[in-house]
Amino acid sequence: MIIVMQPDAGADQIEAVEAKIRAHGLAVHVSRGTERTLIGAIGDERTLEPEMFDPMPGVEKSMHIVKQYKMVAREWHKANTVIDVAGIPIGGSTVQVIAGPCSVETMPQMEAAAAGARAGGARLMRGGAFKPRTSPYAFQGRGVEGLEMLRSSADAHGLPIVTELMDVRMLETFLQYDVDVIQIGTRNMQNFDLLKEVGRIKKPVILKRGMSATINEWLMAAEYIAAGGNHNIIFCERGIRTFETAYRNVLDVTAIPVLKRETHLPVIVDPSHAGGKAWMVPALSCAAVAAGADGLLIEIHPNPCEALCDADQALTPAEFATLMEKLGAIARAIGRDI
Amino acid sequence: MIIVMQPDAGADQIEAVEAKIRAHGLAVHVSRGTERTLIGAIGDERTLEPEMFDPMPGVEKSMHIVKQYKMVAREWHKANTVIDVAGIPIGGSTVQVIAGPCSVETMPQMEAAAAGARAGGARLMRGGAFKPRTSPYAFQGRGVEGLEMLRSSADAHGLPIVTELMDVRMLETFLQYDVDVIQIGTRNMQNFDLLKEVGRIKKPVILKRGMSATINEWLMAAEYIAAGGNHNIIFCERGIRTFETAYRNVLDVTAIPVLKRETHLPVIVDPSHAGGKAWMVPALSCAAVAAGADGLLIEIHPNPCEALCDADQALTPAEFATLMEKLGAIARAIGRDI
Amino acid sequence: MIIVMQPDAGADQIEAVEAKIRAHGLAVHVSRGTERTLIGAIGDERTLEPEMFDPMPGVEKSMHIVKQYKMVAREWHKANTVIDVAGIPIGGSTVQVIAGPCSVETMPQMEAAAAGARAGGARLMRGGAFKPRTSPYAFQGRGVEGLEMLRSSADAHGLPIVTELMDVRMLETFLQYDVDVIQIGTRNMQNFDLLKEVGRIKKPVILKRGMSATINEWLMAAEYIAAGGNHNIIFCERGIRTFETAYRNVLDVTAIPVLKRETHLPVIVDPSHAGGKAWMVPALSCAAVAAGADGLLIEIHPNPCEALCDADQALTPAEFATLMEKLGAIARAIGRDI
Amino acid sequence: MIIVMQPDAGADQIEAVEAKIRAHGLAVHVSRGTERTLIGAIGDERTLEPEMFDPMPGVEKSMHIVKQYKMVAREWHKANTVIDVAGIPIGGSTVQVIAGPCSVETMPQMEAAAAGARAGGARLMRGGAFKPRTSPYAFQGRGVEGLEMLRSSADAHGLPIVTELMDVRMLETFLQYDVDVIQIGTRNMQNFDLLKEVGRIKKPVILKRGMSATINEWLMAAEYIAAGGNHNIIFCERGIRTFETAYRNVLDVTAIPVLKRETHLPVIVDPSHAGGKAWMVPALSCAAVAAGADGLLIEIHPNPCEALCDADQALTPAEFATLMEKLGAIARAIGRDI
């Protein structure tokens, strides 16, 4: 950590900062420039916070030099981590596709979706049983009954399942249904009690980016899970909130190479929620694979017009199959497969 | 709701939209313009969603005409709601100030803070026992012991208490300690399970704005609480996330007159988290009161340099007392008191 | 245009709105719902603005139904426009790459850059002679001398040139040097006097997106150029400003399919300015081509460490050549070439 | 400037950085931490840019320690600068109000507006003769004729005039009409050629904040004007672009205390463009004055419903007069007058 002193900071103020650094067990290194004096803290600066120094008299600002995340950082774990989900590797050379409806509605819907996912080449199935909805009057999901429908329709086609956990009290139930991958949604990326709970188990976790979370906050959220002992974490970029109103969110493709550099963990992309319209999904999926994503989370629905949730962003199984062919060609162009 | 058809939409596509509207129990009104045909749904459009129509063939876009919130809307409840917190009215002509430290640390700290809050003119006391922290390695709060320290120090000075609830499983404990106002933090504004739980009790709730939540999402989050039966909701603006990096968040003062127009519920402001620096707090507090806020949530600490959390944004009791005098003058200038 | 009246709007207020619509030569269509009355204006609503109605008594809000751009809109011109730049088609099946340094510095630098651009497969050359810099103390570009160096180094390799025009007073000079494509930079996207001037000539114009411009504002800026008579407009996405601080800008890939749907004009991408770091350029370039971009604008420099401007985002000629091979494979995977 | 080396940076890489610093005439100071080596550049770091070091092998990142602006910085000029506009001091203890219509339309409109501005207590008059409009089909302003109407109507009431300059070629005309304060609009904050031109004259300049400009970029834009020799600069906050769609822009009140700390120059606020609705103007005006603004720029129109531009944000003269009374009370509450 570096503490920048104000131009007129006195010797006693500099000494006070030095004393505080030493009190935390770090060494001090002072550098006197022509306009400012800088004080460096030598040692593990993760025990220090800028806010410890900023209010001290004579301090102009202070800043971390090293990143605050460690377990999820590539700096400390050079090789890519490949996560095994019921025999399917995520983070390896194959780009894995997870497909399914936004929300679980009925058994016929789920059966058609599972068949479509499988036929198109998806290796896992998604489906929401508990839905976070902006309005309390909107459809809130089928709940436990939905979990059951997801489990049985996916099993029939040999697909592991991915579904969102919103409430810590439902974790037991998720484990009973042996949910293969637990999804933490965008609104819960910083629900720290929920992160701590999924940190205590070993199930793979898809951690969606908060819709206005920085890369650093996202990595720190993953660090919460890792710090609990669960290292099976998959990052999922799903679009960020900006000033643009022509589409729901802006898919942040830059996050893909940046995360691949910062962390050893897999990075997937949800093109369906990002754009919010089915017709945008192919272009965004292609961009994500070309930029290096390890997987995709795509919404499909046997009959999008009748979907109870996010109807306008689901592909039909036929559209999905067409897209998968194109994605295969792109994956091969960059030396991967799908 | 209005559905705008594409320029080349066919008669059968228009009929399909009309049929879907009627199937939901609403009437239809068609308007043929020179470039587009518009289809209006007449009746309670809250049962319809744009996503129901957007994926239909021939539809260009669809949009709500009326707001989706009802219980919190001034349109349906013209008079200001004044919430009683242990005898202290929030939302009336007096601007109420809640003061206290970011986090509960020790009994001496809490006693000094309570004395300072009271002496400066605050009518309620805040203090965090459970802290949402970006890093899993940062101080996470004193927990239940912290609740106890807050309760006893505040009681000694006759101040009702305000503290943040992060985890649904702790609600029972909050009720045992008779927390006077339950705060829902910015990261939990759309933690819908938590909103539903505080909707089932009668305790006043401070609902902080999500750091990138729109006014509409915020009102809908409050509607979750109201829909459960708890109408004692206080909105708290605390700064939004933007592109600016010179300060932590941008205090959105425009939200104050907009909310006062849209809802009958009280609106308060947290100037401490907004700017993130103690020296910004006076200007932001003055702006908030001048713009019509019903209250303020201000961080004070007997010794900011030693605070365990957000040290750089707390005022000393002396600075707080000076600020309160200035705020009193502004409140009187606009016909209120403090 | 639709005008939504307040729930308690009186008959006289409704009549005043109707009268105003008729005074502008449009017809009126009224729809009375259960909660609101809606007034539709039938005819060419481009002569109306919401602000004409919003301040009228009894009006809640008003909104356009059709887009305000016309000449650049695909709705009115279905086929893709292919722009000819000195024999090179932009907007056709070939993805065109424009390469060169951020700023023109010296003849040896320009000669090496031109050779590298050509060898890697670029078909046009870029180079800034006039540089918009945040600081008045930073290098401001070589000016007219720079234009001359760009012209002669590019000519030697048979590359048409692209360079930025910042000041209306320099347009004559640009025409004298026969600049093949005039670039309007991000900070000038809404410099309307500049747009009007380049609208009066026939030279192709690259219109970069303002760093916080909406898609609609961007299309309207192009409409300024088209309205002047110049239809040779190329849109260039170059990253938008968001809350994220880990990289300079967020490349908005969603803008590619959205623009391709809204306009018949070509869309290219600048991956260098978007991320701001050379190591991000390959992933972003691949994403852009996969998402359907018609071209790329890539910074290369014979010796990035010594560049006078944006040194950290330029590729070396060798890195550029490697990238071009990868881009070729992706282009072929989606049925195009490069 | 500090250069942070990568953990595995070699001695030769460190030496290369040191050599580059020395080559620019600065001294070097190296600090070896447990995880990183830091290299400090001692001397006037304004001649260095992070981009000079970021692409060098072994460099992780580099950053400025001191601010890049100097002439506008309070660090180098402690006392407030008070700017004299035709005898009216801006930046002193009196809060100055500039009022007038968005655009100059007709002489009767201007005469009524000038009378209303004067009667309400404004000391200067505004009015746009050249209007930056999103659409090329919208009213573009009365041009030179508008300047003439503004000049004569304001003169009749003894009010100096403020009007926007968009095009460098019109500067001569502005000087002929002796425009008292030249306004640089939000879209031109980084139109560097325009800034350089107004830097060459002595007329006071109102520099509006770019709608997504950071505080640092804004100060650097002012530095462009100051570097040319014109120190009569007035900052004008007018709302920033965010994700919120319920109002046009978010008035950034935090910018007021931050600018007052960073610069010695006056800071005023435009509450009319910020919110975009007349009913928001009083609350925003009160907030701005309470937060320490040195002035306000308020739109008034004798008949807002008939205004040709931004009709929905103008106050009537009567509303303006009422607001001025309230603002006077707030100004007095904080020890100023209006």
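Residue numbering begins at 1 within each chain, and the chains themselves are lettered A, B, C and D in the order written.
What we mean here is this: a contact is a pair of C-beta atoms (placed from the backbone, for glycine too) under 8 Å apart; a residue touches a chain by one contact, two chains touch by 3 or more.
Worth saying up front: this structure is predicted, and the values here are computed from it rather than measured.
When the interfaces A-D and A-B are ranked by how many C-beta pairs touch across them, A-B comes first. Taking the mean of C-alpha positions as each chain's centre, the chain lying farthest from the centre of chain C is B. Rounded to whole angstrom units, the spacing between the C-alpha centres of chain A and chain B is 26.
Chain geometry summary: the mean Cα position of chain A and that of chain C are 31 Å apart. Spacing of chain A relative to chain D, judged by their CA centroids, is 39 angstrom.
Residues of chain B in contact with at least two other chains: 212, 241-243, 245. Interface residues of chain A facing chain B in the complex, by the touch rule stated above, are 46-47, 49-52, 54-56, 68, 132-138, 166-169, 187-188, 190-193, 196, 211-212, 217, 220, 223-224, 227, 241, 277-278, 304-305, 307, 309-312, 314. Across the interface of their complex, chain A is touched by residues 2, 4, 7, 29, 31-36, 38, 40, 42-44, 65-66, 75, 212, 241-243, 245 of chain D. Residues of chain A touching chain C in their complex: 212, 214-216, 240, 242-247, 250-254, 256-258, 261, 274-275, 279-280, 282-284, 286-292, 326, 329-330, 332-334.
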